[in-house]
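Two complexes, one shared chain (subunit A), two partners (subunit B, subunit C).
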Partner chain A sequence: MVTKIGYRLPFVLMLVFGVLFVVQYFVPHPAIKSTTDGIQQIKQPVSAFIIFIGLVGLLVMHARRVKNRERRWGYSLVTLTSAAAMAVVGMVWGVDQGTVYADWFTYLLSPIEATMFSLLAFFVASAAFRAFRARTAGATILLVSAFIVMFGMIPFFEELFPPLSKLASFIVSYPNTAAKRAILIGTSLGAMSVAIKTIFGIDRTILGREQ
Partner chain B sequence: MKRVIDRLIALSRIDRRVIYVVMLLVVALPFVTPVRFRAKASEETLRFDRALDAAIASDAPVIVSLDFGPQTQAELEPIFLAVLHKLFFHKKKVILLNFIVEASALARQYLHEMEQEYDLTYGEDYAYLGLATPYYIAIYAMGTSIEDFFHEDDRGTPLSEIPLMQKVRKLGDAAAVIDVASPNLPHHWVNFGVTPYKIDLLVGATAVKATDYYPYLQAEQIKGLIAGGRAGAELEGLIKDQGVRPEFGSATTSLASQSLALLAIIVFIVIGNVGYFVGRTRRQGRGR
Partner chain C sequence: MNLASDPYVWVAAILTLCVFSFLYKDNPFFCFAEHLVVGLAAGYTFCTYWQTIFLPELITPLWQDGMGSHAHLWISVVICFMWACKYIDRAQDLFRCALAFWIAVDLGLFLPTTMSARVLEQIAGTVNLRLQGDWTVILGNLVLFVGTIASLTYFYFSKAHKGVVGAAARVGSWTIMVGFGATFSYVVLSRIYLLIGRVHFLMRDWLGIVE
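Moving on, here comes the complex of A and B:
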């Protein structure tokens, strides 16, 4: 009996809060608005707690790897040390400009992240060379469109052949937008369908099977 | 003839290390040579600049959301700095916030630079609210009351004690919201800010993400869009012409690198396709 109530309680809560938040979006009555604003205040500490849980999970996982000397445990040690060091210097000396925290961010983290991301240019060039082939009609259309847009992005060609830039702008503004809009509407309808099924308890898989 | 065909097929199998070296050269070369490209402003960039002018003309402060980290800093920093320079040059009051953790350190760094260059006073000319999370709740709640959500700024000062925040109690009190973002945040600004509270939203985004926002731009849910590094260079050109900055920024410098890299990719794709078709024709010939 208790198990059944325990299983149903989340669905009741989802129904109540789900309907409330849908209604408040369309009914701007102060009473509903103040109620939902109050609930939203609760979400902030919940969100902070989620981040905390994530951090604890990360630390426990890496600590276990180091303790058991698992494969590549050295990387886990670097993760744990870095996380601890950033946390300590941030909490002890603050995070403003000129502090150790800000310097480490500017001179360590920023270059590392920027370097990782900039490697994409090399991989994209290599992948485009190997995979971008006009094998089918669809691939040919994609290839020609990509060429026009890429040429349109280069100022030198824009000056040399002005219609190219207009054609590139047309491709981005119309065929691209039509496709993006179709995807957006499709995913939104899908999200609505999932939300309705979850709120009304039709889809119960999110909490596992009923005991 | 056979030798030419063999060469073409061999070219289509260039070692990836050769591609990497060529890319390195074309990206690095413009930084050590005086080669500079000037980009002609597109209609989207002009729309963004007009919307920015309209926000500056209003009496109300502007809310700027900085939502990028070091990964996309090279592409988005010039856009963000161009916007901040134009706002502070025109003595516009700015309220800054961010939704991603890494942006906090960048925000403090940029504001420190701006404070020194424009002799700004914290709390009167600008305020930094800090990190807001979760973003969808933050945007929606700020529509009713910024103070109820944030309570205090990044320095721990209660918002009630910041003079600038007395002029902007909710999103609707701002002249516009400008979001320079690498993740999908403009999408959430449209859903939770523009639709319910009818705010004016201007967006600066990476070229990869910008295509996602064209439907919103056409529907005027986004008033202006700066799409990637090239558009950043266009904006830099505009603000230089307007006398806001004496020189072009880093987007203009990197435009030559970007253009040459695109050209190299186009050449590689052409070589790959020529080799592919020559090889296919030869295989088909042998099949007969």
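Moving on, here comes the complex of A and C:
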């Protein structure tokens, strides 16, 4: 439930703090600097708390599945149990190197994550096989560039045909940088315009609608 | 063949095989590993944030000197409570205020740093042409300059892509395709390296087939 003041006050806060933090970048006055440093110090532990809220949401969802005996609730029990076990191990024995917590990270969490990402090698290869067709000039350029960089980076081809490796590093260093730079400039300008609209309350969708 | 004697290696190997079983089709072993990794990651995240941020930067300072030099950290506690109001329907106003404060500080920090690092520095890096040294460097810098301008033209929609603008946009789209090709190959190679790492783990650490 959102009241009228509760709807407007956040936009005032957003304007005040948003402008303050933009100004502190350009005005190195000690008063402004100490204020913004203090706010950042206050903000740091809150960032951890926000992560906790997200984790609570995840665990509540799985607990509800177990409680209602929904389909595949057994897997939710696995999630809840493993989360609780990892948290207890970390809280009781600490998170430093050589602890059970670090061992669980190395032998349980890391292998599963690495294997899941490595699975993408198969799916990317099959997707590329289906999608890469030299139908247009752009698609042909993409295909050729991908092959040159891929084979140029493999040590075997580097030994077999050295110019391929040089061409691959040229592509990565120059045309690739040009494309990335243009995309970076474009997306940054777009993100900045959204940020300005949000700070000045022109775009209000970020905090929901008035009720 | 020299099988591993460390139980942790066995667990890691079995979990790796559970994830690889997805290559056949979705199955209970993969689902188990999938939910296990979610739970472990949740517990890991909780402990890491608790031990590295929440405890040393909020709980401990407040416990030691909560009414003295660290009194300002009580504001963090209040903001944490306001965030927790997300789950209380009648206190949505408080949650929105905390959210607005958070967004404002982040956007205020984001605006000037993005303008500086992602726009002005990138433009400076593009226009400050270094036409000295090896011919490949000179050619590369020219490609970088022309490619960036052309790619930016491709994203410029306030003028119809005809004539000179159209030609520049076409060159820009080709440059972007070269960039996408290079990025795609990097993604494929990184996944293949991960796959090699997992297979190497199974064959060396678990089965002891290779040195």
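Everything that follows uses one rule, which is that the second predicted complex is superposed on the first by the 202 of 211 C-alpha atoms of A that agree within 3 Å, B and C clash if a C-alpha of one lies under 4 Å from a C-alpha of the other, contacts with A are read in each partner's own complex, and residues count from 1 in each chain.
In this text, a residue touches a chain if its C-beta (ideal position, glycine included) is under 8 Å from a C-beta of that chain, and two chains touch if they have at least 3 such contacts.
Keep in mind that what you see is a predicted model, and the values were worked out from it rather than measured.
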- More residues of subunit A are touched by which chain, subunit B or subunit C? C
- Which superposed partner A:Pro155 touches (first subunit B, second subunit C, both, neither): first
- After superposition on the shared chain, which partner residues are touched by A:Ala102: those of subunit B (first), subunit C (second), both, or neither? first
- Message: So in the superposed three-chain picture, is A:Pro45 touching just subunit B, just subunit C, both, or none of them (first/second/both/neither)?
- Response: second
- Task: Have a look at where A:Ala134 lands relative to subunit B and subunit C in the superposition and call it first, second, both or neither.
- Result: first
- Item | Touched partner set for A:Ser82, first subunit B, second subunit C, both or neither | second
- Task: Name the contact category of A:Ala31: first (subunit B only), second (subunit C only), both, or neither.
- Result: neither
- With the two structures laid over each other on chain A, which partner does A:Ile202 touch: subunit B (first), subunit C (second), both, or neither? neither
- Message: By the touch definition at the top of the document, which applies to A:Ile171: first (subunit B), second (subunit C), both, or neither?
- Response: second
- Where on subunit A do subunit B and subunit C both make contact? 25, 40-41, 43-44, 47-48, 51, 95, 101, 105-106, 109, 111-114, 116-118, 121-122, 124-125, 128, 143, 146-147, 150, 153-154, 172-173, 176-177, 180-181, 184
- Item | Footprint of subunit C on subunit A - complex, ascending | 1-3, 5-7, 9-11, 13-22, 24-26, 38-53, 55, 58-59, 72, 75-76, 78-87, 89-91, 94-95, 101, 103-109, 111-122, 124-125, 128, 137-139, 141-150, 153-154, 166, 170-186, 188-189, 191-192, 195-196, 198-199, 206-208
- Per the touch rule, the subunit A residues reaching subunit B in their complex are 25, 33, 37, 40-41, 43-44, 47-48, 51, 95-97, 101-102, 105-106, 109-114, 116-118, 121-122, 124-126, 128-130, 132-135, 143, 146-147, 150-151, 153-156, 158-159, 165, 169, 172-173, 176-177, 180-181, 184
- subunit A-facing residues of subunit B, complex: 14, 16, 19-20, 22-24, 27, 37-40, 42-43, 69-74, 102, 104-105, 108-109, 112, 133-134, 137, 140-141, 144-145, 148-149, 196, 211-212, 214-215, 218, 230, 255, 258-259, 261-266, 268-269, 271-273, 276-277
- Which part of subunit C faces subunit A closely enough to touch in the complex? 8-9, 11-13, 15-16, 18-20, 22-23, 31-54, 57-58, 72-73, 75-76, 79-80, 83-84, 86, 89-90, 92-94, 96-105, 107-115, 118-119, 122-123, 125-126, 136, 140-141, 143-148, 150-152, 154-155, 172-189, 191-192, 194-195, 197-198, 201
